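One chain, subunit A, appears in both complexes that follow, with subunit B as partner in the first and subunit C in the second.
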Partner chain A sequence: MLSFIVRRLGQLILVLFGMLVLTFLVSHMVPGDPARLAAGLHATQSQVEQVRRQFGLNLPLWAQFTRYADGLLHGNLGVSILTRDPVSQDLGAYFPATLEITLTALLIVLAVGIPLGVVSAVRRDGLPDHFSRVFALLGVSMPPFWLAVLLQEVFAEKLGWLPVAGMLSSYLTPPTHITGIYILDSLLTGNWPDFTSAFASLILPSLTLAFGSLAIMTRMVRAKLLDVLRQDFIRTARAKGVLERRVIYRHALKNALPPAVTVIGLQVGSLLQGAVLVEAIFAWPGVGTYALQASEGLDFPAILGFTLLVSVVYVFINTIVDIIYAFLDPRVSYS
Partner chain B sequence: MALETKLGPAESELGAPKRNILRPLVHNRLTLAGGVLALVFLLLALIGPYIAPYDPTLVDLPHRFLGPGVQGHVLGTDELGRDILSRILAGDRFALEVAVLVLGIALLVGFVIGALAGLGNRWLDDTLMRVTDMFLAFPPLVLAMAVAAALGPSLMHAMLAMAIVWWPIYARLVRGQLLILRHADYAEAAHAAGATRLRVLVRHIVPNMLDPIVVQLTMDIGNAILTAASLAFVGLGAQPPSPDWGLMVASGRLYALDQWWIVTFPGLAILLVVLAFNLVGDGLRDAFDPTLQRR
Partner chain C sequence: MDPAIAYDPPSSQVVSLAYGTLLTLKGSSTDLAPGLATAWSSADGGKVWTFTLRKGVKFADGTAFNSQAVKFAFERTIKMNQGPAWMLDVIQSIATPAPDKLVITLKYPYQPFIYSLAQPAGTAIVSPAGVKKHGDGWFQNHTDGTGPYQASQWVHGQQVVMTRNPDYWQGWSGNHFQKVILKIVTEPSTQQMLLQTGSADMNIAFPVSQVAQVQGQKGIKVLTEPGLNILFIGLNNKSGPTANQLVRQALSYTLDYKGAVQQIYSGYAQQAKGPIPPSLWGYDNALPQYHLDLQKAKALLAQAGYPHGFPMTITVEENPLYQQVVESWQSTLKQVGINATIDTMPWATEYKKLTTLSTAPTAFITGWYADFADPDDFLYPQYASSQQGSVGFNLEWYGNPTVDRLLNQARTEPDHQKRIALYAQVQQILEQQAPVLWVLDQKTAVVERSTVHGYVYNALWPVNAYAMYKD
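What follows is the complex of A and B.
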């Protein structure tokens, strides 16, 4: 087991190194001369050369790479061209908002997906099953940006029940900064108006984000539960007169959920990148919005920082899920 | 050599049995519906320009914001007075062209790398697969965004980014299939009967590894259309005035409250085309897999 974890972490380091190389290469695909760009329009040739030496752009590619990697290891992601702040500081400021919708969406996926999957497995080919099938098909085919626009149109513009965009009503002051997650901070400080506003603002973005993953989760739980329900120990449990409820919740579901852990891990990753799109539509001040602004302004350090941040979180989650799964299911081979 | 020629006709009988893949496809009503829908989209991509009632790029400001059915505009007109039906028809061809190009490049690169890994020695296999893993480890939309953003927003760069994201899936698939099929009984039998390695590969292994690739390609057409539309929507893909469905939704957003049709119909087109190819892909997977029980 220990050697499995060590090897899995070894792979993680390899993948992270690969990401570093890849993002570095992407940043060097940039057309044009970055030194001239950084020095400004009216710089003389000698000034451009000075900037080139300052940023190490005159060095051979491998030397530039070691400089870049060394900076990263010291937490230095460079300075954003647009905000003129260190990228790491910017990302730190924007990330809690992304975490807020991603975690809320995950909560929806789990709280709705698991029961819905159970119901459609238990009432197989019944009305709930057909409903969940249609729902799953829609979930994987629905363009998230379109769903977002439709939800805004109906629930915000037409009915006026929920805010169109943003994280907090504009006439409220944000709660005292504790975690940076508004809904948590307002709850912790007992700021009721902020809490209700943050909650209402959260509904549409997190529903949009959850929709696709919810469909996948439901189908996964259903398929795994059906597999388990066919097995001998379930028949034994039923034969000895265990209540059907108990058979399903205590015996079957307990065995059907571990495989679902893998799906949850994958879904966290896809929620995180889906957040980029959703943030853009709901004017949600997270890292996705930051990255899109950066890409419009050709702000490469910011884009690279964002790509690295999301990728690293994504890879870490997948590694953790693999290890949890190995714990949960003793049949997984560690070799 | 003589032996091989003599075995020629028998060889084809020894191969995988011919299956009627159409039967299970027609059997499942959802798959059938998806198939019909996918065919309609393919057909419209071919004949769309000839049946489109208007020029999809024709700006006609006096007739902007016309509702569906008004003055012969079946699905209405957009903020520049362009006919939405004509733009959706043009967008169909546009979206399918982008998907086919991206997947074609991804398949080509993936096939070559997967084949090298699957047929090469252990060292080559390990190296290529680690590289593939690295690409797979990236969240695809984010990688596509980074590439598109670094190179500057354009359709070309978005397509390049998508191909970079997509090839590892095919490399994995091709390598996996090669490793399994290389030791399949019929491949070893053909080899024992005197067929050369190349002949075994081309005649026996490659035809049998196509099934999962076709399934993956079918599903990916929908995904590629969705990704391209998403990139266009956030401004990193196709640029105006391309008849891209994602762009149409993006520009229609501003008028969504009163002119709902501008944003609704292109989105619906994306939903339907992705749904259609997903259904066909699902059905094909079931049809190709004789061991799969109907659940």
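What follows is the complex of A and C.
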């Protein structure tokens, strides 16, 4: 297992390097002048050149990349051309918000998707199964933007139960920073007004984000469980008089879960993608918002920083998933 | 939040609340009014400007506002040489003969200078004591000015909370807000919902395409305010068929101006009359306007030697309203035999293309928003030949020695009425030569809750929260 983890880390570095080179080249291929954008439309040529020199944009491409890579080896992600703050500082400020909705969405996918998938399989062709079918169809075909606005209209505007947008009520001060995740920080510091507000604010964006992945997880668990329930060892267990509940949860589900767990790894990617849209609609200040601004402004250090971050998260999560898979399925070995 | 760096609308809102300027504008107009200067005069044709400063004004840190502070703030902006610094480029030296007397000598006589001091970008005055104590970098995330509200909290990506400055020189008697919270919300549907639910009290630049959805709703009022801006379609004046004046005049008759105003901008605009918007002094209401007339267009094209039209490219950035205007134009152009291809691209990319003559398209659409309330701002950067390419904003590569002479003359003419007359001449020539199609002057929709009162719109000072109150 240890050698597996070490090999994976090595792969991570290779993947990151490849992503960096690709993103660097592609973002520089887009015609446009980030120095002019940052200095402002009305800036004089000398001001534009000053910004260009400040950010090394006057250097040849290979020199810019070398300079960036060298900084990276020293833990320096460069300075954002737009915010003028270190990219690592910006990402540190914006990432917790994305983590907050992504983790909550993942929790919803697991906590609702797995049980719903089980019920659909066990009560195959029954009402829950039909419901999950319709739900899955909606999940993959409903545009997240539309769902978001619908949820806002119903729960925020018409019913007034939840906030329209934002991470916290405008009248509250954010909780003392520990993790940057408001719901955690407010809980850890016993700040109940903030906790209540953060919790309420989290519901709609994380539901929107979770919806598509939730539908996929439900159908995946259902399909795998039905597959496993047809296996001989399940027939044996039933013949031995094992309680049906135990058959399903102790024997069948344990064998159906590993492929479903793999799906999580892939879904993390789509959750991070979806976060960009969800953050815009719910005025949620995460890295999606940051990345959008960076790409519009040709803010190369910020674009590269965001790409690095997403790549690291994606590979890290999938490594964890593979490890969990090995624990769930004793037949799997990475040595 | 640093006034020496801030140059985009959201940052300018913070700066205009936290800092003061020497001058300001009267109400909704473009007439000068006293700010931190109570009186001013010029000499030497506009080369030397003398100001009497307001007494008894303090910065938020408690230190006194005086002529030394202004000198410090202006020299700091010039030295930092960021976005809005060009506004003060014209300054040669600043003298402080007394704490309440300031003398600014310019490099050359330049009448628009006084108007550039009546807006916050680059000219808002920071506390020298604040800079000495905290350093320059501190001002990116904090404020220390003479304005009514100071930044007390900035939750990045979410909101800026501005809290009352107890030492504000205008005082706090009467009904005023304790706090002003500037929320960062980019999505128009979300902005609308925040207003409808009362989670927000006002939006000073509501998307015009959504105004119809909130108009007449209980608890909401919509104010329509004239902007200081112009939407125009630039034509390549240096190369291709549009280098010919007759072709440019012909094209000026091919746009459905009314449709653009009524349908695309939902009535929140009026057709432009030349390059200056109606709320700015110097606007000439008697200037003739082009209109949709395909017969006239065809005749002019034939006269120019293009009876069967010609192919052309129009570049447009990713702005839905601009794209709609260009698409509408494309369909009317077809009717005069012109096949136009529309190239959509991000502004950064488009700007690079426009500022290089070899890649400049036949036409492009863009807008101009006032930097300060002087016609020079709408004319010089766009039509002076020295401003072609990336030097200024003369992206249509227009050049006319007579226009250059008149513009330079107007820059140095001390008599206000004579300046107006000079600008009238410039506008007549431009109208004739049609370097661009002046499409419309966009209005601003300000949407606020009915409980909010006291708001007075000014295009260069959009957030006058000090004068506002709630039921």
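One rule holds in what follows: the second predicted complex is superposed on the first by the 274 of 335 C-alpha atoms of A that agree within 3 Å, B and C clash if a C-alpha of one lies under 4 Å from a C-alpha of the other, contacts with A are read in each partner's own complex, and residues count from 1 in each chain.
Rule of thumb we're sticking to: a contact is a pair of C-beta atoms (placed from the backbone, for glycine too) under 8 Å apart; a residue touches a chain by one contact, two chains touch by 3 or more.
Nothing here was measured: the structure is a model prediction, and the numbers come from that model.
In the superposition on chain A, contact is made by A:Ala283 with subunit C only, not with subunit B. In the superposition on chain A, A:Leu137 makes contact with subunit B only, not with subunit C. Using the contact criterion defined above for the overlaid structures, shared-chain residue A:Val26 touches subunit B, although it does not reach subunit C.
Of the two partner chains placed by the overlay, neither subunit B nor subunit C lies in contact with A:Leu243. In the superposed pair of complexes, A:Leu328 makes contact with neither subunit B nor subunit C. Of the two partner chains placed by the overlay, neither subunit B nor subunit C lies in contact with A:Leu9.
In the superposition on chain A, contact is made by A:Ala294 with subunit B only, not with subunit C.
Residue contacts after overlaying the shared chain place A:Glu153 against subunit B and subunit C alike. In the superposition on chain A, A:Tyr314 makes contact with subunit B only, while subunit C stays out of contact range.
Taken together, the two structures place residues 30-31, 149, 152-153, 157, 280, 296, 298 of subunit A in contact with subunit B in one case and with subunit C in the other.
Within the complex formed with subunit B, the subunit A residues making contact are 11, 14-15, 18-19, 22-23, 26-27, 29-31, 137-138, 140-146, 149-150, 152-153, 157-158, 223, 226, 269-270, 272-274, 276-277, 280, 291-292, 294-296, 298, 300, 303-304, 306-307, 310-311, 314-315, 318.
Across the interface of their complex, subunit A is touched by residues 5, 7-8, 81-86, 89, 140, 153, 155-159, 161, 181, 183-187, 189-190, 193-194, 196-197, 199, 345-349, 351-353, 371, 381, 390-391, 393 of subunit C.
Residue ranges on subunit B touching subunit A, taken from their complex, read 130-131, 133-135, 137-143, 145-153, 222, 226, 229-230, 233-236, 246, 249-250, 253, 256-257, 260, 263-264, 267, 270-271, 274-275, 278-279, 295.
Against subunit C, in their complex, subunit A makes its touches with residues 30-34, 36-37, 39-48, 50, 84-85, 93-94, 97, 149, 152-153, 156-157, 160, 163-168, 170-171, 173-174, 280-283, 285-286, 289-290, 296-298.
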